[in-house]
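Each remark here refers to the structure printed beneath this line.
Chain naming follows the written order as A, B, C and D, and within any one chain the residues start at number 1.
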Amino acid sequence: MSTFEHIGVIVKNGDPRIHDTVSALLLDLRNRAVTVHLDQSLGTVGFADAQLLPRNALGEQCDLVIVVGGDGTLLDAARSLAHFGIPLLGVNVGRLGFLVDIYPEDMPAQLDAVFSGQYQIEYRNMLHGRISRGDVEFAAGVALNDVVIHSDEAIRMIEFDTRIDGQLVNHQRADGIIVSTPTGSTAYALSGGGPILQPGIEAVSLVPICPHTLSSRPIVVNADSEITLLLSAQSRTNARVAFDGHLNIKIQADDVVTISPYAHRMQLIHPKNHDYYAILRKKLRWSEQP
Amino acid sequence: MSTFEHIGVIVKNGDPRIHDTVSALLLDLRNRAVTVHLDQSLGTVGFADAQLLPRNALGEQCDLVIVVGGDGTLLDAARSLAHFGIPLLGVNVGRLGFLVDIYPEDMPAQLDAVFSGQYQIEYRNMLHGRISRGDVEFAAGVALNDVVIHSDEAIRMIEFDTRIDGQLVNHQRADGIIVSTPTGSTAYALSGGGPILQPGIEAVSLVPICPHTLSSRPIVVNADSEITLLLSAQSRTNARVAFDGHLNIKIQADDVVTISPYAHRMQLIHPKNHDYYAILRKKLRWSEQP
Amino acid sequence: MSTFEHIGVIVKNGDPRIHDTVSALLLDLRNRAVTVHLDQSLGTVGFADAQLLPRNALGEQCDLVIVVGGDGTLLDAARSLAHFGIPLLGVNVGRLGFLVDIYPEDMPAQLDAVFSGQYQIEYRNMLHGRISRGDVEFAAGVALNDVVIHSDEAIRMIEFDTRIDGQLVNHQRADGIIVSTPTGSTAYALSGGGPILQPGIEAVSLVPICPHTLSSRPIVVNADSEITLLLSAQSRTNARVAFDGHLNIKIQADDVVTISPYAHRMQLIHPKNHDYYAILRKKLRWSEQP
Amino acid sequence: MSTFEHIGVIVKNGDPRIHDTVSALLLDLRNRAVTVHLDQSLGTVGFADAQLLPRNALGEQCDLVIVVGGDGTLLDAARSLAHFGIPLLGVNVGRLGFLVDIYPEDMPAQLDAVFSGQYQIEYRNMLHGRISRGDVEFAAGVALNDVVIHSDEAIRMIEFDTRIDGQLVNHQRADGIIVSTPTGSTAYALSGGGPILQPGIEAVSLVPICPHTLSSRPIVVNADSEITLLLSAQSRTNARVAFDGHLNIKIQADDVVTISPYAHRMQLIHPKNHDYYAILRKKLRWSEQP
């Protein structure tokens, strides 16, 4: 008897390779004692025999959501569903992902395992960013990977102050800065030269993007830190704030971005034999020998 | 007896701190047996007693151009005047510069030295970039620091192939790439993690910007290499090509940027006691001890 | 009324500049209602009027230990005294230290503050390393900064496997590896290119030393991880294991170094206005602008 | 008709896998109109029918030397033979090499090509290092990869001044420094974080090893620079100077290491289709995508 009865399915938008995998998944689920709800965006794809629901209703009614796509699709699901406390399961279509780790060919066996309770559940910290101008908080967002402040003009540096729990860390000139969770440490923060953070660690890294100084270095701080980034009055360009690469909210001098832990964590279901370091070695060819 | 008789003066635009230095310079030059021509952009500043000339006429008529401003002003002068073969002399207003190395307070003594032939002349390589779509070369530019290809959308990677003299170097996903002269190696290429190149070296560095792989590394190639960068068809975003941070020409998939040595070099006049490494240590606090 | 009654004093060995500071400290302490015990190594220095004690007795009898010297002296005190649970207070003689943050000229005022209860106490994690050959654990050590495995021959790489809580992380060829606490993140791990870890964070970083691959990157793991490093049979040289740069125990192929959290933490007393980031900026010229 | 008539053969010492390849090579050479001379170290291996010669005699009598082994064997041959001006050809046994690029299975065809003049010849710069105490030059060496100064005690920094053509570059505290040719830029200099230098470039890189500062960066200078490294009087440990990882000459405070271009270059024969970047991508997995 399964613990999961109401299953949501979210599918990567507009990827034709995905159709067969979704068909197989829906067929498989039909044979289990579960109700299936499709994310509304799926409507166009033409799987007629399951109930279409808007994302929020999916969150309210499901006790498991299966995401078919890549890490980007799962990031999107996490941002919209984390506050419902539903676990996510990722089926990978395309390149190996860090978050979506079930392969289509292994799907039947892995679903058997999951529906019989053979799985691990992992909790991933998320970030909450709020943006203020003067006394007014005019925008906010949630991220599983990272909150990034980036110059609004390519090849123009911004200037900003970083504070941790109210204490000045430094004043920097750079293309921007990445505030990254452990999950995000293998994404854009990696490109910026940041360290890899073990998934479960209660830490956040601050990784400057192309800092115009020799003496910059990533710093890793407590996950519960309140990080404030102030776009300096000397900054010659505006900036944008992105949450997992989305939203891209425009900010100007003296605007403040405050980043703190999000109240909810993403729950990620892995097969029992999940091996983070093996994925790291395979996907990033980490420390591979010449 | 001076070797320089026709002196051009180019001044940083719109910087109020500069007025006194320019006045002092013009007064000083009046006492020397030289003709002074002002860059036309100076007209608004109100130095009435010298002939205003457009940049090109300045290039044709002068045998020395004095630049008052920062490194950016001198970069601009170099791009527009290098093909006239005129030496440039930089008077620094503001922060210490790598290229403009005479301080206002030292100006009289340094000008005495220069006009009596006590100076060193340094030749700096420049880059020539041409951009093609299919068979049509639709844009081109010149750079003293760097030619940069950068994603047109912040936090979206581009994909591109790099070739040196026709040979494939690699295929990369990154925010962009910096092709830098030795002069540019202490500018944006430094922010990207590139090595410092000694000013006179016949070399160009290729520095990826936020490469999404662990195994990237800057490469230094011969100054006479022909470097071609092809924006890949898989690239999900367009890109821009900047020359010393200017022009910002938009390119799309399959466009090719070809970078080769510029036919002219910038001639930079330094005081006799010019010490590149001292500037490096002072400006970048290079290798300074904790 | 002071909370500290039995004060131990440990002094950097053989540093002549230190004598005046120690004299002033002892004079100051004589005017407070405390008993002073000198670390035995001080005997030679000639401060006759306080009781000399071996380090262990100092640990048993004191409720505060004042360390006069540099970070190295305090590291040494921490390794020998942490298990007694006594707080340490550092008086700096020489260059600015991260751990010893009271200056001789501020000593009287700072001691007034500390003895009247005006101080912060900080807890710093330490590491415990055990070294085994076959079934026999033949050596062990404690570190406040780092446990380092290093090739026993300069410019000869070692090969080793890293495991975290039993899971293989990777197999590397490098000059060695640094396992660093947050305290050590500004010491040798910084030289190896590791990130800065905020002092209080429950994390440990693994920083390879000169890895012979492009695809290496520091990783940050939970402070309670059990890290095992196995010197590989393919390794062509022996290695040494150092604890805060000391002991230097020789190991050979198939030896295993197991690093886990030390059962005790170092207690460090800071003045109320202690500012970690200010020290970072000052000492490392962190993110300082050109 | 072949241009090469006297062929020397040098073989990696003590590698049993190599015997078959050497036998096949000698058999192949017997069928060509050439005289074969074996490096004396081969004597023990038991190839009786060719003349054994000491290394120097090999250099004097041969017009081509074939090296069977890995990059290390070829480095050794280069150091001892470069001044004779003989081209070297590398047959690879073991892992892919940068310098030895003929595989045993391709040997017959590649030898046909080489003996009929179908090859490219590449000239690689080498370094000459001289070590002085006071006025006495007490040691010297030659390197194809790098001259490395390294602390004589693991995990103890040295302090040293670097000068280029007499000008002070900086004063550093680090584990050491690597002075690398383009050939060496994919060897130890790579481990130290240095840039890749295109093989033919007239450049040398200076790469600090574990510098204890945030503001260090590799610098690339002209190949004809005279680089002097002075072990500082403040240095708390002695150091060693290695040439391609060999010799390891002990130096003490105030000793000076002077590195300048070696008067001879190594001549390396490549098959016509030699592709440096392909080897780079394959061997270092350079810029490979996740």
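By our rule, contacts are C-beta pairs under 8 Å (C-beta built on N, C-alpha and C of every residue); 3 or more make two chains touch, one makes a residue touch a chain.
Remember, it's a predicted structure, so these values are computed and weren't measured experimentally.
S.K.: Which chain has its C-alpha centre farthest away from the C-alpha centre of chain A?
M.R.: D
S.K.: In whole angstrom, how far does the Cα centroid of chain A sit from the Cα centroid of chain C?
M.R.: Here chain A and chain C have centroids separated by 37 Å.
S.K.: Report the inter-chain centroid distance for chain A and chain D in whole angstrom, where each centroid is the mean of the CA atoms.
M.R.: 47
S.K.: What whole-number Å value describes the gap between the mean CA coordinates of chain C and chain D?
M.R.: 40
S.K.: Spell out, as numbers or ranges, the residues of chain A touching 2 or more other chains.
M.R.: If we look for residues of chain A contacting two or more partner chains, we find 190, 211-217, 284-286, 288, 290.
S.K.: Which label fits the chain touch graph of this model best, line, ring, star, complete or other?
M.R.: Per interface graph, the chains form a complete graph.
S.K.: If you look only at chain D, which of its residues touch chain C in the complex?
M.R.: That would be residues 148, 150-152, 154-157, 174-176, 188, 190-193, 209-215, 240, 242, 245, 248, 284-286 of chain D.
S.K.: Mind listing the chain A positions that touch chain C in their complex?
M.R.: 164, 167-173, 190, 194-198, 200-203, 205, 208, 211-213, 215-222, 225, 275-278, 280-281, 284-290
S.K.: Please output the residues of chain D touching chain A within their complex, sorted ascending.
M.R.: 95-96, 213-217, 283-285, 288, 290
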